[in-house]
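Here it is, the structure in full.
Note that the chains are named A, B, C and D in the order they appear, and that numbering of residues resets to 1 at the start of each chain.
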Amino acid sequence: MLPATPSEMMTIAAARLLKSEDVCFVGIGPPSAACNLARLTHAPGITLIYESGTIGTAPAVLPLSIGDGELCRTAVTTVSVPEMFRYWLQGGRISIGFLGAAQLDPFGNINTTCIGDYARPKTRLPGGGGAPEISTSAAEIFITMQQSRRGMVKAIDFITSFGHGEGGDARARLGLHSKGPTTLITDLAVWKIDPETKEFHAHSLHPGVTKTKAEETCGWDVKYAAFVGETPPATVLELSVLRDLVQRSQAAHRRSAAA
Amino acid sequence: MLPATPSEMMTIAAARLLKSEDVCFVGIGPPSAACNLARLTHAPGITLIYESGTIGTAPAVLPLSIGDGELCRTAVTTVSVPEMFRYWLQGGRISIGFLGAAQLDPFGNINTTCIGDYARPKTRLPGGGGAPEISTSAAEIFITMQQSRRGMVKAIDFITSFGHGEGGDARARLGLHSKGPTTLITDLAVWKIDPETKEFHAHSLHPGVTKTKAEETCGWDVKYAAFVGETPPATVLELSVLRDLVQRSQAAHRRSAAA
Amino acid sequence: MAEFLSLSEAVSRHLRDGDTVAFEGFTHLIPYAAAHEAIRLGRKDLTLVRMTPDVIYDQIIGMGLARKLIFSYAGNPGVGLLRRFRDAVENAWPRSIELEEHSHAAMANAYEAGAAGLPFAVFRGYRGAELARVNKNIRSVMCPFTGEQMAAVPAIRPDVTFIHAQRANEQGDVLIEGILGVQKEAALAARQTVVTVEEVVHDFDGVHPNACILPRWAISAIAVVPGGSHPSYAAGYYGRDNAYYLAWDDIAADRRRFTAWMKQHVLEASAADFAERTKIREIG
Amino acid sequence: MAEFLSLSEAVSRHLRDGDTVAFEGFTHLIPYAAAHEAIRLGRKDLTLVRMTPDVIYDQIIGMGLARKLIFSYAGNPGVGLLRRFRDAVENAWPRSIELEEHSHAAMANAYEAGAAGLPFAVFRGYRGAELARVNKNIRSVMCPFTGEQMAAVPAIRPDVTFIHAQRANEQGDVLIEGILGVQKEAALAARQTVVTVEEVVHDFDGVHPNACILPRWAISAIAVVPGGSHPSYAAGYYGRDNAYYLAWDDIAADRRRFTAWMKQHVLEASAADFAERTKIREIG
């Protein structure tokens, strides 16, 4: 079996953080792959919720969108989108909100709105979707993204979703009682928020990743935890389940409207 | 066939006011009998809504409560109670709100809360239920009750549901754009709200009812419309459909929990 | 995460003296068995919450176990007044009871706000209605766009909500069908939720995708009590015992008759008796 | 009261230049056929409302028919960005477009408030989020009980909402099943609602009592358009055409290719073509 690619390692490292007791509000893309990998390996009891209203879903293939039919067919129940945001997210029932980011700063603030000025953007991105309230209403936030100097920047162009602001007690000062971002899982490392400064510190580097590599692909000055370990390598089980899932999913996404 | 009793005449006179295009929010008791009589006679297309969430219901027997199983089984759909009050009543989709009253004043203000002082009531009544918002959110209100000096009083002890306040433009001054009470159907007469003073005026007396009788059973000084007619007598069809409905209903209510 | 418990275990573990508790049900699926268990356990100084306190709350109030009632319609539906409730309000028998009275729209919105994790509910209500004068929990907020004054009431957040449902699956998910009332909202608004069910089935395969299902992790405990909503009803299982509601008017009219009835039918009965009651036709 | 009309009749009668219009659908049941009809009719200066403007709004915007977009996530779900939307925002091609941007929670609550006849929606949102700085329709209200500052947004009240649903019955009631999105709210929030359906059935006997049904008197018009949500999907009828969404990224990347594609597949096509599209596997 080929060793894990960085992207696979990211998904596997993210999946490991999830527990069977978790109730996850799942973003599309890498978060969805990680959540379903966790469900198919060590966390079979995990509850996955997509903002399309599907509660407790167990898709056989990864959805291309947050509203694929597979999500509804395998769900415990499917509710309206207003109910999803009111009773389930704002109601405080989500333990983990799992987000991606186009731009991220070291305090876990996320930009998915625009590169450049809001009124005259260089690049207009899709916008916030569910993230602005996921980041404040879920008990805890995990973020996953590929490392790059364009993506991980000292200052983001637009705060789509609030993480820890300028750090310290910024969340508390806004009346936010949830933890906010605690962990960042990239293709190279696992990062944790420092309990005092609320900055991301690299906690473990994936197998074969050097500090130099981690720093070259990050637009902010990398800080490290007191002890930086190596992320345990992907197991054969993790890799084979993930590859199987991805392969099934890609085949499904290439197919068009068959009834 | 025996002639209509006053109570039957009240139900029949009330039923005649309803049209097939109406969407009625139905209170239990006499309003429910009138609405279903209309549905079973001249207004087959009428939409009946009960506050238990049943929309477009067509019960074979009159429900004893607003949540009998028959209402749900025969409904177009059944929604939650919060949705009922938010989307369907407050959303402005109800053409007729049909209410009863324990005490009523000549301006259509209703008391179903208490006789005597609120803090130390002589008689504690059930309270408002849906009526306070039905009376303001439905496009138009019909009221039905038996005439009595205790019930139809100059000043009610507690304004549970607002009618026309002290009359005139009282509703407009509260920002209410719906018509409020327009018609009162009693066991003796049909009353209409005067367009200027917003007081009930007797418009027609049921067959055999004298002005003296109407006045003796009313606690306020009775005013009459310019022309006071006789309510057309109950037809054989109206009476037979009503009696059949009531008989079926009473038999059903005497039965206990059969599955 | 939902635990399957006996009814007495579920009630004794989750309901404490002084709690704010909702036994919700809108004509349909009223959790009588759970309320009777609470009465047998003598849980007291309760703040009872319910849109339509009917016979079940007449019984709890008549037994002197409630200190406060938050409600919007206290009647025996289709029959008349609640005589034990009246006796408490008018004569403080067997004890006085504090009232926080609302309209249905207010209560429905307040439960909805509780389920939605909001501190208050906003709606267009109480215009010209005198309840706003006697209830200090009816306030107003102004629309920041139109300037319109809207009614505001605090969210309802019970310590514990009891509801009855048709069935659970083996994982502990709960299905409610038919007249839903405010049960989903009452369950999600509470810190703890206890559900009695008619039966447990293996899974919910084949159930409609948008059916009202409370997932296992939103529930504290489930107790299987066939007939547990009698004399209310469970659609698909048994009909409403209208005769019981009619008979209650006489039973509750007299303090001594009420007390004797409660002794026989509640204090000396058990949850297991409910299954029988949905088969017989007359009550005491 | 719902009238059964042809799609072109329904769209031409209910949608006018300058209208605020929602073509709603949350991945599932997106009303493509209705939107294509609007494009063919050349309805312009539209204010488009939708939580998740995807390919359908990319098409309307690329054709220069929209003056404003009220939205919360403008992406091609699972694929990437919307290139016609970007071209309008970044380069004003073929015209500039005004943006009123929200979060999903805000839009969902705003539709809900619209359906509920309220002037605004209250929720706990936008804390620390910069959208509140650039959107003057994000304001706040204070809880009159706790003093907490809550976010407030205006209710959404479209002139007309278009949705697609599985089926209508002969009376004109409409059934929606599966992923419901905000369609019920969008339909009830609008002054007029037009529904395209896969088919008409005699009645809804046997449908679940709590299924999402819009009664006939809450709908303006119904048009029968089999396949009318392609490349989105209609659960129980056909699956999502994921290949179309993947292919769209290339089509929309180039102005000329886009224009040619629209001419062939929209301007010179008709509602009747949708049925075919749910049977084939590749698109242009």
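The criterion applied here is as follows: contacts are C-beta pairs under 8 Å (C-beta built on N, C-alpha and C of every residue); 3 or more make two chains touch, one makes a residue touch a chain.
Owing to the predicted nature of the structure, the values given are computational and were not obtained by experimental measurement.
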Higher C-beta contact count, A-D or A-C? A-D
Just curious, how far off is chain C from chain B if you go by their C-alpha centres, in Å? 27
Quick one: report the Å distance separating chain A from chain C, using the average Cα coordinate of each chain. 40
Chain A to chain B, mean C-alpha position gap in Å, rounds to 57
Send over the residues of chain B in touch with two or more other chains. 72-73, 78-79, 86, 90, 137
Hey, what residues on chain C touch two or more of the other chains? 112, 116-118, 123-124, 148, 178, 180, 184-185, 209-212, 235
Name the graph shape formed by the protein chains and their touching pairs; answer line, ring, star, complete or other. other
Between which chains is there touch? A-C, A-D, B-C, B-D, C-D
Residue ranges of chain C touching chain B (in the complex, touch as defined): 26-28, 51-52, 71-75, 77-79, 81-82, 85-86, 89-90, 101, 103-105, 108-109, 111-112, 123-131, 134, 148-149, 178-182, 184-185, 212, 230-231, 233, 235, 237-246, 277-283
Residue numbers of chain B touching chain C in their complex, please. 28-29, 51-54, 63-69, 71-73, 78-82, 84-86, 89-90, 113, 118-119, 121-133, 136-137, 158-162, 165, 170-171, 174-176, 252-259
Across the complex, what residues on chain C touch chain A? 1, 112, 115-118, 173, 184-185, 188, 204, 209-213, 215, 217-218
Could you pull out which chain A residues touch chain C in their complex? 21, 23, 47, 55-56, 72-73, 75-79, 86-87, 90-93, 137
For a test of understanding, state which residues of chain C touch chain D in their complex under the given definition. 116-120, 122-124, 137, 139-146, 148, 150, 152, 154, 177-178, 180, 208-212, 235
